[in-house]
Structure formats: C-alpha cells, structure tokens
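Scrolling down, you'll hit the structures one after another.
Look at the two complexes coming up: chain A is in both, with chain B in one and chain C in the other.
On to the complex of A and B.
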C-alpha cells in the first residue's frame, strides 16, 4: 500500500508542491492507521462493550436484558444468596495469594540464577540457553510433565523423596505444586533479562567500589541493583500481570481442585462466560471488578515506567 | 592477548586468583550445576518415560533408564485423531509467525510516526495508547470474543492473530528506541529527496533491528503461550494451537504416563529445534533490546 503511495509521488513530479504538502499532512496518519484500526477495534471498542454488557443479563443467544447494577450486587453479596460473591471472592483471594507469592519468587530466583550464570563465565552462554529451555515450552506441556512428576504413586518426586504425598489432590500440596511448576517454568525469561542487565552495569563503578573497600554484597545492593532499575521495573510489572492472569496451571494441573481451592479469578470468569451457560453479563462484571483490582496493583509500576520514559525526552 | 591452551588457561587462572576467590567460584559452579539438575532431571524422566512400556512406568521400583525401549507410545499418540499434536504445532507456528510479522510492521510504522513525524493529535493518540496499556486485558476478553464471532472468525486462524495487533507495548518500546536515533539521519535523507516511507524503511527500520528481534521474540512467545484465548475462539480440534489443544490431553490418557510423556516430548521437540537453531540471535536479541524496554 505504502510502496504504491511513494511511487505516485514520483510520477506526479510536475505537481510536486501540491502533492507534497497534501502528502505531508496525510502521511503521518497513514503510518498510524493500521495500528489505530486494530487498537480501536480490539482495544477500545471492547472496553466500552464490556462496561455496557456488565449492566445486562445476557446469555448471547437470547436478546440482551437490562439488569442495572444487579450483576455487581451479586458480586458484592448485596443481591441473592451470596453464593456468587463467595465463589468469586474466594477465587480473587486465591489469585492474590498466587500473585503475592509467585511474583517475588520469579524475581528473586531468576536474579540468583542470573548472578550464578554471570559468575560462571566459562559456561555463561551455554547456561543462558539451558535455563531458558523450560520457558519455551507451552504451559500445557509443562502441566502434563508435572502431572507425571507429582503423581502420588508413580511420580518421580515421591520416588526420590520416598514419600507418598498427594501433591495434586490435597491442600496445601496443590498450591505448592503450582508454585513449583510456575517457578520451574518461568525462571528463564527474567533470568535472561537480568543477565543482560548485569552485563550492562558500568565496570568502572564496580572497580571504584572495590577499591573503596566495598564487598560483593555491598556492590550488588548499591551498584548492580540500582543500575538495573529499568529491567527490574519492567520485569516486576510483567510478572505481576502474568501472575494475576494465571489460568493454565489451575485448569490443567489441578482442575481448580481440591474442593475449588486452586480456582483463580480468570478461571471463574472463563467458566461463567464459556462453561456451559454463557452468562456474559455477570462474567463482564467480574472482569471489570477483577480488572480494577489488578489495575490497583500495577498502576504504581506503570507510573514509574512512564515517568522514566518522560525523563528520556528532557 | 595470545591464544592460550586450556591447560595454560587453568594454570594461569590458579596463579592469578586467591584461594578464597577460587573456592567461591567453585561453589558458584556447584550451585549452577545444582540448578541445572533441577531443569534437566524432570526433562530426562519425561524422555525416558515416553519410551517405556506402561507396565514399567507404574512399577514401584521404577528406574530412570528404561529396561526395554519401545516407541509404541509415540505411535499410538500420532495415530490418535483426537489429539493431532503435529497439526496443532503447525497451527501454532503459522499463527505465531504471521502475527509477529504483521505486528512488527504495524507497530514500527506507528512508532515511526509517533517518534519522528509531526501531526495533529499525535500526543493525544499516544497518551490514549499508553493509558490503555494499564487496563488489564481481562476486561476485553469477552467483548473481543463477541467481535470475533460477529466477524465470523471463530475457528479461523485470524481470530488468534488480529486481536493482538492492537497491542500497545511494541509501539511504546519501538518509539523509545527510535527516539534515540539522531534526527540528522532523516534530514540528510530528506535533502536527498527521500520520502518518509523511504526513511522509515531504509534508515530507521534497519537501525531498529535489535529491538525488532527482541520484540519478535516476546510477541512470538506471548502468542505461542496464549492459553485461554485460543480455547475461547476455537471449537474444533483441528483449528487449535498446541498450547490450547493439549489442555485436555492428560485427561484423555489418565494414568498412562508413557503416552502422556510421549505427548509432552512431541509437543516440546519442534519448538526446541527452532530454539536451538536460533539460540544465538535469540539470546543476543533479548540481551540488546530487552534492557531498553
């Protein structure tokens, strides 16, 4: 499309002035048009739709019915028996639990591995690829693998520990299993970013600190870590969002069990919207309430990131 | 520095380091090996189990290495039409590659305009995009399904490509990088009579290559690992991606761990080959561009 536009300019050389001023004003819009089109269609329109649908009772098949604030009433336990509210908030609580524990795990463990990888420089390149390997696997592949590893009778973990722990079917093991799986799977991604971040720390600073008598721990906390501010901020935001959106682990490994104890917010929303009856109105209300909670947790991080971006202009 | 033989290198190393630092390094290597085992051992068990007979897998005195090797698990998985793993893999690759190419094109075009061209509404549009980045995607999930359904794209590969094209993150990242490229390049090209598209395509885009690689990796992985969206927009097994298709896999082979592991290995092998082939660029790409994000 754009290539064509360029050729017409050349052909119309006699009319250059006219054509060029017109093109100068229109062209920028042509550059952003594809992005804006998809952004509006799949980013803004759905947002408005979601809010509208959340005020309705709608199963997608029959006509939409205005429901007012009833969906929200159900979610906050003001209307109805409170069962919907209980299910929803339990799931939100589970998600918060997961995010609060898993996010630090996926920051600290990769940072540790990244330090080891950097220190062992004879095998640095090889180990970067090696520890990234689990991350390239699909979450479902990893769940199938862990489903076997964690099996009570024929699983490898019980085999090595010489125990018969019901890893998947009992609490609190089910959650421990999910943390184990998620960490095994997720370490690689942040690790690579941290290795890159550590490599970018100015060597002069570290040398100067060593001369001033700073030990390795002091150098790490006072030089390496502050120099990695951007990387840290980015990984913290992304990992938090990822943890909040957790669904695969709960659905494939534990199927939300035992006794709905590993059901996450995403799972409840998915089941409400697509599990048998399409309760779109209620599911949209859930998405919005859960979205607001997520927003509250990530907002500060984003603000820092955008402030950082603005600093770049000055 | 002249090239040293490994033996000389080792001697050199021991001469130049204190006892404490050598011990510390050794401990680090040991810890690294420990971490490596945590990754390696489960993977080895998966491969080993996939070539065992099911009776051997369930044996209480099971060992890592199989007593008798069989490929019947693989044969039975590949013959099962309800779990077309190779087809799923092909779908996943096709969708992810088309998505990444389109996304890089769209995002870089927009980032170019946002960072180097002047037009009315630029700040507003960019601000709008940035703010929307903070809005959690879950709110859009159900309405997006409705849009895809109204466009008759359910069970179509484009249902897993188009929604992601409105992503703001790539535009943000690319704009940030492009802003670091001196405007003098554009001006020089303009004096030589180059159009904006030419400047974008022949000057700015090649300079952005490191970020483009990084972004390609991130968006490829995001698309590849998307679990819930393909489940929502596909009804038939043939149109699913690998990640979504395998969701019910363990259920259909309950307690048949030989077959489950054969499935896991089959689903991991192709992407592993892709990864190993491109590993050099891959790690470089993340290392160069990732920090800028």
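On to the complex of A and C.
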C-alpha cells in the first residue's frame, strides 16, 4: 500500500508543474481567443472572401464564374465601354469631396460645442442633450426631416427665409444640404468624446498656467489641446472612416442627384451588389479599390498626427 | 483560474457550436412530408393599407384552409430589401420563401438568377382562362412563352384633381387641353401641376405619353430608342410646361408634388391607385375628402390610347416549391387571393380578375373606376427584356435632368440612352 502511495505522489508532482507551465503559456491565448474568433469570422474571412469574389462574376444565386481581372479592368476603364469606370470614379471623387469638407467640420465644430458645453455650466445639462439628440436618430429619419425642412416650394426654411432655394434638387445646394445634415447629425457623437477628453485635462496644469498669466486662448492651445491629442487622433480616424462610408444622406435625401452629382462610392457599390443586377464580383472589386483609397487617407492622417506627437515630445 | 479557463473554454465551445449550427447548410423542408401541415412562406413588399389588407386576406385564408392543412405566413419586406434578400436566401430551403409577390417588370431581371418555378400548368389546375383576366396582367407573367408570374392586379397612374379648383366638366382629355387648363388655373399661388424634377412619378407620366402616342423604349431587337424624335417631343412638352408655360413651380422635389396638392396649391396630381387610401377617398365616414378630391384618367389614356402601368404578380420559387403537394397549396392560395380581390381593391389596387369589376360593391368604389378604365388599355412595357428595369431607371434620370433644366430634353435622353448602352455592354463582357 505504502509503495503504491509513494509512487502516486512522485508521479503527480511533475505533472502539476507541467500543468502550471502549460496554463501560463495558454492563458493569454485564451484571453484573446474571443476577439480572434470574432475577428476571423467577421473580419478576416469576409475580407479574404471579398478578394476572391472580386475575381469572379457572381449574382449569389447562380454558380460563381471565374472572371480573372475583368472586374478590375472595368473599374480602370481598360475593358468595356468605360461606363463602370466613369460611374465609379465620379462617385469616388464625390466621396473625397465629402470627406475633405465634412471631416474637418466634424472635428472642429464638436470641439467648439464641447468647449461651450464644458465652460458654460449653466447650459451644460440642457445643451448636452440638445446637441447629442440628433445622433440617436437614424439617418433615414434625419433625411426625411430635412426633406420637409428644405423642400423648395413647401419647406420650412424657404418659407421663413422667403426664398425659393432649390436645396435638394440643384447644385451646389444639394451638397450644402448634405453637409448641413451630416454636421447636425454627427456633432453629438464627437462632442461627447471631446467633453470626456476635456474633463481629463489635469487641472493643476491649467491652474499653473493661469498663475503664470496665460489667458483662455493660450491655455486652450498650449494645454487643453495637447492633452487631448489621443482623443483627437481617435476622432480624426473614426470621422474620416465615417465620411468615406457616407451612404444614407445621398441615398435618402438626394437619391444621388441631381444627375448623379451626389452619388458616393458606397452608393455605387451598394447599387452594384444589391441593385437591379446583383453583380457581387464587381461590387467586391469596387470595395477593395475603395478600401485601399480609404486606408491611404486614414493612414496618412494617422502618420501626420503621430509625427506631430513626436515633434511635440522632442 | 481554473474556473476562468473552464468558463472561457465553455464560452468558446458554445460560440463554435452556435456558428456551426448557423453555418451548416440547412436543407430538408418539413413541407416535403406527404402528410401534415404545409407552411408556405409568402414574401411581399406591400406596406401601408395594401400590406394590412394582404395580411387580412392571409389570415382569412389560414382560417378557411386550416382543415386542408395549409398555412401561409406572410412576411412584409420593403421592395428593395426584398429583392436583395430573395437573391441571397433563395438557395436556403428553410428560410427562402415559397411565394413572392413582385412587380411584373422585375421578373425578367430576377429570372437571370434562375430562381423561379414555371407555372405553365396553373391554368389547367385552377381552371382559369385568359379572358377572365385583364390582358396586361395576364401577359405580364409570361416570359418567352413560359408563365413565371400569376396576376394579382394592375396599377396605372391616374390624375387626381382638386374639386375646389376645377369642375368635372373642365377636366382635360388630351395633353393640349391639359396645357390650356393648367395655364388658365395657374394664378394666385396655385399651379396647374407640380411636376417633380427628382426621380419619381414624372417618368411614369412621360412613359405613358410615349406609349399612348405609339412609342416604345426599345425596338424589336431591344435597342434603346427612348431618345428618338417622338420621345424628345414628349419630354420637350413636359419641359415646356415647367419652364415656358410655368404651370408648375421649378425644382419640385420627391414628395413636393403631393405636399403642394394637399395644400391646395396645385390643381392636378398624378399617382397610382394606392394614394386613394392615403387621401382617405374610400373612407365611408369622410365625405368631405370626396367633395374635395376627384380621380380621372390621365389625358389620352383610354379608348384607343395605350397607357403605362405596373402589375403585381405571384411568383413561385423553385428551391422551396419542390413537390406537387406544395405547388398545389401555393396555387390554392393564389386562387384565393384572386377570388377575394375585392378586399384588395379596397386597399387601392385594380384586381386582375375582371369578374370583380362587375360586382356592385366594386362599382361603388367610385375613385377606383378611373384606374379600372385605364387598366383595360394598359401596357406594362417591354418587360420581357431582362434590362428593362435598368433602362426605365436611366430614362428617369434623363427626364429629371431635363425637368431640372440641367440638360435639353434631346441631350438628356441621348445621354440616358448612351449610359444604358454602356451599362449593357459592360454587363455582357
């Protein structure tokens, strides 16, 4: 009996040590496993499938047909009538126009609003809700609301301005309406982030600056803003991506018009995939080309911000 | 720590099992059994009053056919989403529908995906004949000699008018009369017609003018000809109404025509029969609205004239209607809807079954009579061509560009045709 017991003790010890080592090795992987699982399922697999599908002609219902580089050829006008290339690149240009104007608007305006909300405490409670409210509305609701407001002949805005501005049906007003709508809709989201960023600025720095004679503008540019760089970086990246993905405003408010002039890349991709003709292969090729453009812009913004950070540290 | 690992492990296993469950190819329809309840999934895009009415018809059907073990589950999906969902789920026999209601103009395009089950035996099974149905609706479901759709209704575009601004005797029956009447009535902030410049009903008015004058969108070889002299003359007429005669305000957006009409600022308004219920014209307790709004056929659309209309059709899906028993159940439901289409008429549609039009109850639906008259001479367009719907939309952009003053009518239509040709060329690579 004794011998048997001794054997058991001796055998169990190294096993337990081995188990602990194994556990230490595996533990971090288990922690990241849920993320990896969802990332692979909803991020990596669709991306790889998208690349594969972009080389095919596929309407989802019929069997997939190998198409080689034809989809990309159509996008760059190398093959075909050039109609696909014209539609796509015009839409990309419209998207760039939107992103270049709307992104700074959605960075600067919410910052101003956040400062106002933070500094003027007596309006804080009211204004936070007031500015954040549009963000909780769906884009369709917002577009229908603006349609009533901006209608040329029976809209509220023209009624009070006593004008007949074609806000939705003519250029450049259609774009102005989209910018107005997008800014009104998007201010609240970034404002909340900025309010949190401002709250995290160390008070002792601000107090020291005040004692040193810095005025409000100097405190903002030399203390508040540098302390909010991380928040700024996040909002710049997210807003840039959001601007590139603009779809609802053009789809519902202007229907891409007049004469396709507010049609964005996402709208063309959506129409190609889910319009009358379900050309998933071509839509995937468009998504990949547009994704590369989007990545280049977002990365450039990120690099600029990082470079700025390093300069600041130096 | 052990606990955490166990939980994490269980969580992962659960997730993987769930994924496996959702991901596996779901086949094996319980409807395929020889006995037991048949549950038919019926997809449609009817919203508003027509959606509620269709739901009621389905409910009554389920009550009446419970003993025959047929049950229909109706699913209302907005039209655009419906076609997307249909494309992506058509191969999944557990979730794909058995019956789908859709516009006849979408059948040819959707048929490229080979999802429909032909219904060439339906006449024999239901014992129906062509004479019993409105001709455009009956033919609208036939594609290259094969029946892919079975008719529900026809919906032309008619002319609503404000009775406070125009009497019945003054109503125009030709487009020249329309111009004259509108010019007379346009004063003191009131317009003859608010012609929308965005992609909307304007294209249906234009296409009706074109068909009633003997024109078409395509020649017999499916070459687009909606930029020919006849089409340009019709668009020039519409353009002149806005920019020369000024019987319409400029830059009327989508929905702007409806708003101005309901505000009493325009005499005429063009739209489909479903708007009858939006206005409340069939509301028995609302005589006031019937004294204010009337409905008449659009000029030059009855008698010897043709007019453009749409038609809803039932279609069957080949991946789900896999046995004669299921098909018969589908046919039974389709016949039931046809036979009960007086209710469908009250939802603001012109039933395809002519016998319904002869009933006293239908004749009492006074606002529908103009649509019914037009439905008899309707054409659905060259919808057997798979790219008809795309041509129709590109033409719509051309019309919008002309009415907005962005292009001349000739250039607007020429560019629309050119874009459509480019689209077809790229599709056929």
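The criterion applied here is as follows: the second predicted complex is superposed on the first by the 262 of 314 C-alpha atoms of A that agree within 3 Å, B and C clash if a C-alpha of one lies under 4 Å from a C-alpha of the other, contacts with A are read in each partner's own complex, and residues count from 1 in each chain.
Please note the rule applied: contacts are C-beta pairs under 8 Å (C-beta built on N, C-alpha and C of every residue); 3 or more make two chains touch, one makes a residue touch a chain.
Here the structure is a predicted model, which means the values were calculated and not measured.
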Clash or fit (per the criteria above) of chain B with chain C on chain A: clash
Partner chain(s) touched by A:151 [first = chain B, second = chain C, both, neither]: both
Partner chain in contact with A:62 - chain B first, chain C second, else both or neither: second
Chain B versus chain C as contact partner of A:208, first or second or both or neither: neither
Contacts of A:136 with chain B and chain C, given as first, second, both or neither: first
Partner, of chain C and chain B, that touches more residues belonging to chain A: B
Which superposed partner A:170 touches (first chain B, second chain C, both, neither): second
Which superposed partner A:113 touches (first chain B, second chain C, both, neither): first
Partner chain in contact with A:84 - chain B first, chain C second, else both or neither: second
Which of chain B and chain C A:74 touches, first, second, both or neither: second
First, second, both or neither for A:41, with chain B first and chain C second: both
99-107, 117-125 or 189-197: stretch of chain B that collides with chain C: 189-197
Doubly contacted residues of chain A, that is, touched by chain B and again by chain C: 23, 27, 31, 34, 41, 60, 147, 151, 153-154, 274
List of chain B residues in touch with chain A within their complex: 25, 28-29, 31-32, 35-36, 38-39, 41-43, 45-46, 49, 57-58, 62, 105-107, 109-110, 112-114, 117-119, 122, 125, 129-130, 132-147, 162-166, 168, 171-172, 176, 179, 195-198, 200, 221, 224-225, 227-228, 231-232, 242-247, 249-250, 255, 257, 260-261, 263-264, 267-268, 271-272, 275-276, 279, 283, 286-288, 290-293
Partner chain C, residues of chain A touching it in the complex: 23, 27, 30-31, 33-34, 37, 41, 59-62, 70, 74, 79-84, 86, 147, 151-154, 164, 166, 168-170, 255, 257-260, 274, 276-279
Contact set on chain C toward chain A in their complex: 1, 5, 8-9, 11-12, 15-16, 19, 80, 83-84, 87-88, 90-91, 106, 109, 112-115, 194, 197-199, 249-256, 259-260, 263, 265, 387, 389-390, 393, 397, 400-401, 404, 406-407, 419, 421-423, 425-427, 429
Complex interface listing, chain A residues touching chain B: 2-3, 5-6, 9, 23, 25, 27-29, 31-32, 34-36, 38-47, 49-50, 53, 60, 113, 116-117, 119-120, 123, 125, 127-141, 143-149, 151, 153-154, 156, 159, 184, 189, 192-193, 195-197, 199-200, 230-231, 234, 241, 244-245, 247-248, 251-252, 265-266, 269-270, 273-274, 280, 283-284, 287-288, 290-291, 294-295, 298-299, 302, 306, 309, 312-313
